[in-house]
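A short write-up of the structure that comes next.
Per-chain residue numbering starts at 1, and chain names A, B, C, D, E and F are given in the order in which the chains are listed.
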Amino acid sequence: MMCLAIPLKVIKIKDNKALVGREGIKLEVDIRLVPDVSPGDFVLVHAGFAIQTIDTEAARKILEIAERIDEARGS
Amino acid sequence: MKERIITLHHNSGKKQFKLLKHIEKLLGSTLVSTENDSGFLEEVVDTVTTDSFTISPVFFPGGDIGKLSVCGSINDLVMTGAKPKYITLSVVLEEGFEFSRLDKIIDSIRKELDENGVKIIAGDTKVMEHGALDKIVINTTCLGEVLYEKLCVKRIETNDLIIITGPIGLHGAAIMAERKGFQIDFQSDCRVLTKLLAVIKGLRVHAMRDPTRGGLAQILNEFSHSTKRNFAIYEDKLPIPGGVKTVSEILGIDPLYLACEGTAVIICHPEDAQDLLERLKNAGFDPSTIGFVGGIIERPLLILKTRNGAKRVLPMLVEELTPRIC
Amino acid sequence: MEAKKYRVMEICGTHTHALMRYGLKELYSERLELVCGPGCPVCVTSQSDIDRILYLCDLGMRIYTFGDLMKVPGKNGNLRERKALGACVREVYNPLWIVDDMKKDPARGAVFVAIGFETTAPLIASLIEEIERERIENLYVYLLLKLIPPAMEALLEDEENKLDGFICPGHVSTIIGERPYIKLAEKVKKPFVIAGFTREELTVALEKMSEMLEKSAYGVVNVYASAVKPEGNLDAREKIKNFFEVTDTLWRGLGTIPNSGLKLREKYRRFDVMAHFQMENVSSEDPCPCGEVLTGKIKPEECQLFGTLCLPETPVGPCMVSSEGACHASFLYGRKGE
Amino acid sequence: MKERIITLHHNSGKKQFKLLKHIEKLLGSTLVSTENDSGFLEEVVDTVTTDSFTISPVFFPGGDIGKLSVCGSINDLVMTGAKPKYITLSVVLEEGFEFSRLDKIIDSIRKELDENGVKIIAGDTKVMEHGALDKIVINTTCLGEVLYEKLCVKRIETNDLIIITGPIGLHGAAIMAERKGFQIDFQSDCRVLTKLLAVIKGLRVHAMRDPTRGGLAQILNEFSHSTKRNFAIYEDKLPIPGGVKTVSEILGIDPLYLACEGTAVIICHPEDAQDLLERLKNAGFDPSTIGFVGGIIERPLLILKTRNGAKRVLPMLVEELTPRIC
Amino acid sequence: MMCLAIPLKVIKIKDNKALVGREGIKLEVDIRLVPDVSPGDFVLVHAGFAIQTIDTEAARKILEIAERIDEARGS
Amino acid sequence: MEAKKYRVMEICGTHTHALMRYGLKELYSERLELVCGPGCPVCVTSQSDIDRILYLCDLGMRIYTFGDLMKVPGKNGNLRERKALGACVREVYNPLWIVDDMKKDPARGAVFVAIGFETTAPLIASLIEEIERERIENLYVYLLLKLIPPAMEALLEDEENKLDGFICPGHVSTIIGERPYIKLAEKVKKPFVIAGFTREELTVALEKMSEMLEKSAYGVVNVYASAVKPEGNLDAREKIKNFFEVTDTLWRGLGTIPNSGLKLREKYRRFDVMAHFQMENVSSEDPCPCGEVLTGKIKPEECQLFGTLCLPETPVGPCMVSSEGACHASFLYGRKGE
């Protein structure tokens, strides 16, 4: 929502902080709100904090459904 | 005794003289002749551009303020279709600035100038009190000779194609990332574009512009404003590197407003576009056709055509780009 | 024959933008009338709050703020202008950066304008946690944290509004989960779809919404399951609970909504700038039309000031300032060229 | 809505465009063409000088930073024996700077340029964050055509006379006095010296220089340094106005190091000196012969001959001039 | 001595401050160290303070003596 | 036959400069060997004091100072360089300006380096008077006020020095009057001439001095009667007495001289920075040759560093820094051209 957040992959964890990234970009975020996160997970980052881990399987499913809708619409 | 920092004393008398000589030595050129108050041109010039440069950080991935201020003015001349020949260099420093950093900056300047055969014709140094300036401002004024008189926004026609010579937003994204402490795997594209002068020879290129401050959206808006035409670009044809996209998403900014410092937008007759693209590739560029020029209209706009066929107006920015959380 | 057109609110400003940006509002316009909601924390901040922040700034305190708030006009100027004139106003991306900044460059008194919804609230809790740990005693927060479900309830209760369904805010839901909407959905018997922000996620959400409306189905459907768990983020909710308690709060355009805001618990009250300054006299009326837009009663284009006096470079209301604001979005995407 | 102050937004997009247009309107000239990135010269130029100007206070008795930055660069060209034709203008502003003050500065610039028939050929504006710059820096680069090729320090000969076209130290003393809150009954001499071009025609003038930063002592030291000759001046022939003397005495500084901004030092063949003095008077100057050039020597110096016949070396300053109590 | 001071004429007095000047230059100085000074007097100014009033008659006498010395020396 | 040449010290640095500037040292060189004295408050400040001022600056305190002191090197750098690197160092012309500045822009802690002789002492007293009146509690003074007659006495007692007479400092005398010299003159039976600063005043003074020496006369002659009254400035002396008491003080080159400095009276002691900071460990040795110059034992040109390592742009000792300094004067006027 009004709360800008984007998914980034966890690379390394140290205490409350994780190095996360995508496309060669890396930054440090605070992970106190997602304490169980592990390297390889995707997290949603808002204002320098990871606020949730991402279920990539669920994300994939939505993509599939969208594809089917687009096809049905013929676009 | 080797001095470590610039002080206010470098503004007057003996130390100013020494500072000038120090920079001249690094440059291998005279800034202020001891014989005359100004420098003499030996070659014909007929076009001039000037810019003052401030940037934070002063050193950034892919360059520094020295390189930037040379490339910036040289590119402005190149965009006019002119061969850059001479440049003036005025450096305003905050006291406390380290000589070691100044030396690096001057060295970047020398390197760019040497590679491009551009000569320093006049120069100046000033020092401001600590706190009266954030580190350094450089002004360069570049003088050159017009090779392509017909290169002018006025010549832009309906259906001309919009070609960009390389990736979008590298400079702006590198600076933003550096300020926020992100690690990035790309650099500012800061570099001179003089090679374009040979590339466009004989082609119906109608205008060129380097999308510096304000980025692609800004200069296409300016083109649109001054030609009274709509300009249209296709979202899925824009060469925005993944890294630039990611930095932009994290910070909530639009990459189309991020500066390039070594990339040009070329407006070209559609029949010559293919030729131009090939020549650009041969010259080492990585060009793309990103859109086209529309007809004359009363309230012209820059329009982005999205992947799914929707249209979106890209206005001129009214604010500085700043990170958002919402 | 024209099919019934349903009135659906996307409460989140980022949704408004994305829907316009991807052309989805237009694409679905035959089936859904998508109206903007109060889903931008900047937009729902009342002018009196801005006046008070400017008042603290004028006292000489350092102001930390998210960039979004810089240009919102108070009765008299905005933070951006104050900064240009030399006031100490610092933009923040990550709230914890403030702790480092205060340690490096301590101020006599500093205020962080903690604006946001449930998404941002746990970050603010973490900031309080850190300033307590670091024993920084001269940094206060100006709390402007608001809660979305109570606002949704207020909008549903508003007779004029006649909303048929809600696109629920993706990132707020990340924190609060599905449950708060389930309660609401059962009460009002309307469909609630939790959506993400990509073109694909929004397409699926609108499709789902149409489907439910056509079938007169109600309840909560989560098409953003990748980030929104049924229970939300328990750690984040715990953090919110530990630091804040619920309170009535004033929303621009919506008035005071019961239990729709957060205040610091007694234990942390000393970090609240309100515990130190009396600012009741500092206030002003919100310039009128924005509230109507925020509640979906009028479209931005229907505001008399829209595009004339109120422009992105000279915003009258916050909805024109924030790039999340409904008016700003309409101004940007409304002009189509030709 | 009329804006009151410059903000950082004036750096990008729509507002930068408006700021440029605003300045262009006041100037009656184009800074950045909407058609091209640079400006085109229509007349021949063969000499260039550049300077960045910072001054506190920005407005001072007798001028402002706008007037100063035009006069400074024009005078540097005139000193070279060249006719100034074009100028570039780059204005760097601190956010918070009032438009009303900017307008006054731009107006001063326009006035000087109009009076001298010098055209603006290119321009630029930049805005820095509040606190990153003390108000304003202006860079001007002046282009012109050399009229007197033989005007060059190298031509200076033994027994040449040193002539000054007007009073010493008015600019520097006015600035110092203004900073300390003294009331003064004189002004900075800030003005263009283009009239000198006609004055020196046909005379054996060997060099001209405007004693700006560092004052008379500085530029005579530079002459001495580059010609390897002693230069001698007579204390009792120096036209130091009473007010300048008083300000200097109160603050414990030497007026020979105070800047002039509308006065030239002319090194002239002794046989033409009388002629030159008369022509200068006719052109409205108030000239004096203040000394002479000595022979070539290994370690050349600038020597002041005092009233009672003693000699004193005037070195290049190594410090900024600051008030002393002891 | 080490203590730079120059003579300036008193123009106007207000409380502890006097406007003093010479050759068209005017500045404000503190006169608490010479409380009896009047407009028309000359004072010696050091670092913004008047530190003594000047006896112009005495000054004139010294000038005369110096002149005689110079004459005697023939310079 | 060569006449006896008398050794006379002009104690005041401004005299040194003026004598060289007007060519009077040369003019009288057959009759008088004019040697420079310790008459520049900057030159007689020990390097340890500079170190301590830099220490306070490094603590983050604001430093107010007369411009003269900015370039004097401590063990490690100088104030000018500290300022260039961002420290808060402000130059002062009129000490009372500090009061306005502190009111406009209060610092956490600020120190005024109160350097000077009797001429400046009443100004410093006035400053204390004002900061007390204005209740400014965070501005302290670093007292470096020294007294001239005790230093003259020490120089006269120094066996090596063999001074035949003194040109007394004009502006110090303005405050202290003739009496302190009269006592000294009677004790040592030598001539003391109080001189002004113009070519004329100095000519008369040197003429008088030669005359007295040739006649073996002693006593005090005041050829600066226009500004020096027999009793000096009673109001100024009163001010000094009210705020200060006499104390032993360290002079660069001369060592500690009894009763040659001023310290604040008990009542005002809280304004003394020394009452708040322990700085005994912050000290260094004065780099050697300057003391010899200050006591007239060697001429500046005789210092090994003079004109080689020690130059106005890279001063080793304060005598080369201050434009009042003997070495600086010799460097400036010593080169004659041709």
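Everything below uses one rule, namely that a residue touches a chain if its C-beta (ideal position, glycine included) is under 8 Å from a C-beta of that chain, and two chains touch if they have at least 3 such contacts.
Listed by chain with UniProt protein names: A, E = Hydrogenase assembly chaperone hypC/hupF; B, D = Hydrogenase expression/formation protein HypE; C, F = Hydrogenase formation HypD protein.
Given the structure is predicted, the values throughout are model-derived calculations rather than measurements.
**Q** Counting one step per pair of touching chains, how few steps separate subunit C from subunit D?
**A** When the steps are counted carefully, the minimum from subunit C to subunit D is 1.
**Q** Work out which chains are contact partners of both subunit A and subunit C.
**A** Per touch definition, common to subunit A and subunit C: B.
**Q** Looking at subunit B with subunit D, do both copies bring the same residues to the contact (over half shared) or different ones?
**A** Same: most residue numbers at the subunit B-subunit D interface appear in both copies.
**Q** Which chain has its C-alpha centroid at the greatest distance from the C-alpha centroid of subunit A?
**A** E
**Q** Tally the contacting C-beta pairs at the B-F interface and at the D-E interface, and name the larger one.
**A** Pair with the higher count of C-beta contacts: D-E.
**Q** Please work out the Cα centroid separation of subunit B and subunit D, and write it as a whole number of Å.
**A** 31
**Q** Can you give the whole-Å distance between the Cα centres of subunit C and subunit F?
**A** Inter-chain centre distance comes to 67 Å.
**Q** Roughly how far is subunit B from subunit C, going centre to centre by Cα mean, in whole Å?
**A** Here the centre of subunit C sits 38 Å away from the centre of subunit B.
**Q** By the touch rule stated above, which residues of subunit A touch at least two different other chains?
**A** Residues 1-4, 46-47 of subunit A each touch two or more of the other chains.
**Q** Which residue numbers or ranges of subunit D touch two or more of the other chains?
**A** In subunit D, the residues touching two or more other chains are 8-9, 14-15, 129, 131, 180, 252, 308-309, 315, 318-319, 324-326.
**Q** Can you pull out the residues of subunit F that are in contact with at least two other chains?
**A** Answer for subunit F, listing residues that touch two or more other chains: 13-14, 40-42, 66, 93, 116, 120, 199, 313, 324.
**Q** Which chains touch, pair by pair?
**A** Touch list across chains, by label: A-B, A-C, B-C, B-D, B-F, C-D, D-E, D-F, E-F.
**Q** Under the definition above, what is the set of subunit D residues touching subunit E in their complex?
**A** 177, 180-186, 241-243, 245-247, 249-250, 252, 308-309, 324-326
**Q** Given the complex with subunit E, which residues does subunit F contribute to the contact?
**A** Residues of subunit F touching subunit E: 11-15, 39-42, 66, 93-97, 116-117, 119-120, 122-123, 126, 148, 169-172, 174-175, 196, 199-201, 203-204, 207, 223-229, 233, 235-236, 239, 324.
**Q** Which of the residues in subunit B end up touching subunit C in this complex?
**A** Spelled out, the residues of subunit B in touch with subunit C are 180, 230, 232, 251-252, 294, 297, 301, 303, 306-313, 315, 318-319, 322-326.
**Q** For the complex, which residues does subunit C have touching subunit B?
**A** Interface residues on subunit C, with respect to subunit B: 13-14, 20-24, 26-27, 40-42, 66-68, 70-71, 91, 93, 115-116, 120, 199, 312-313, 322-324, 332-338.
**Q** Could you please specify the touching residues of subunit A with respect to subunit B in the complex?
**A** Interface residues on the subunit A side: 1-4, 6, 8, 21-28, 45-47, 75.
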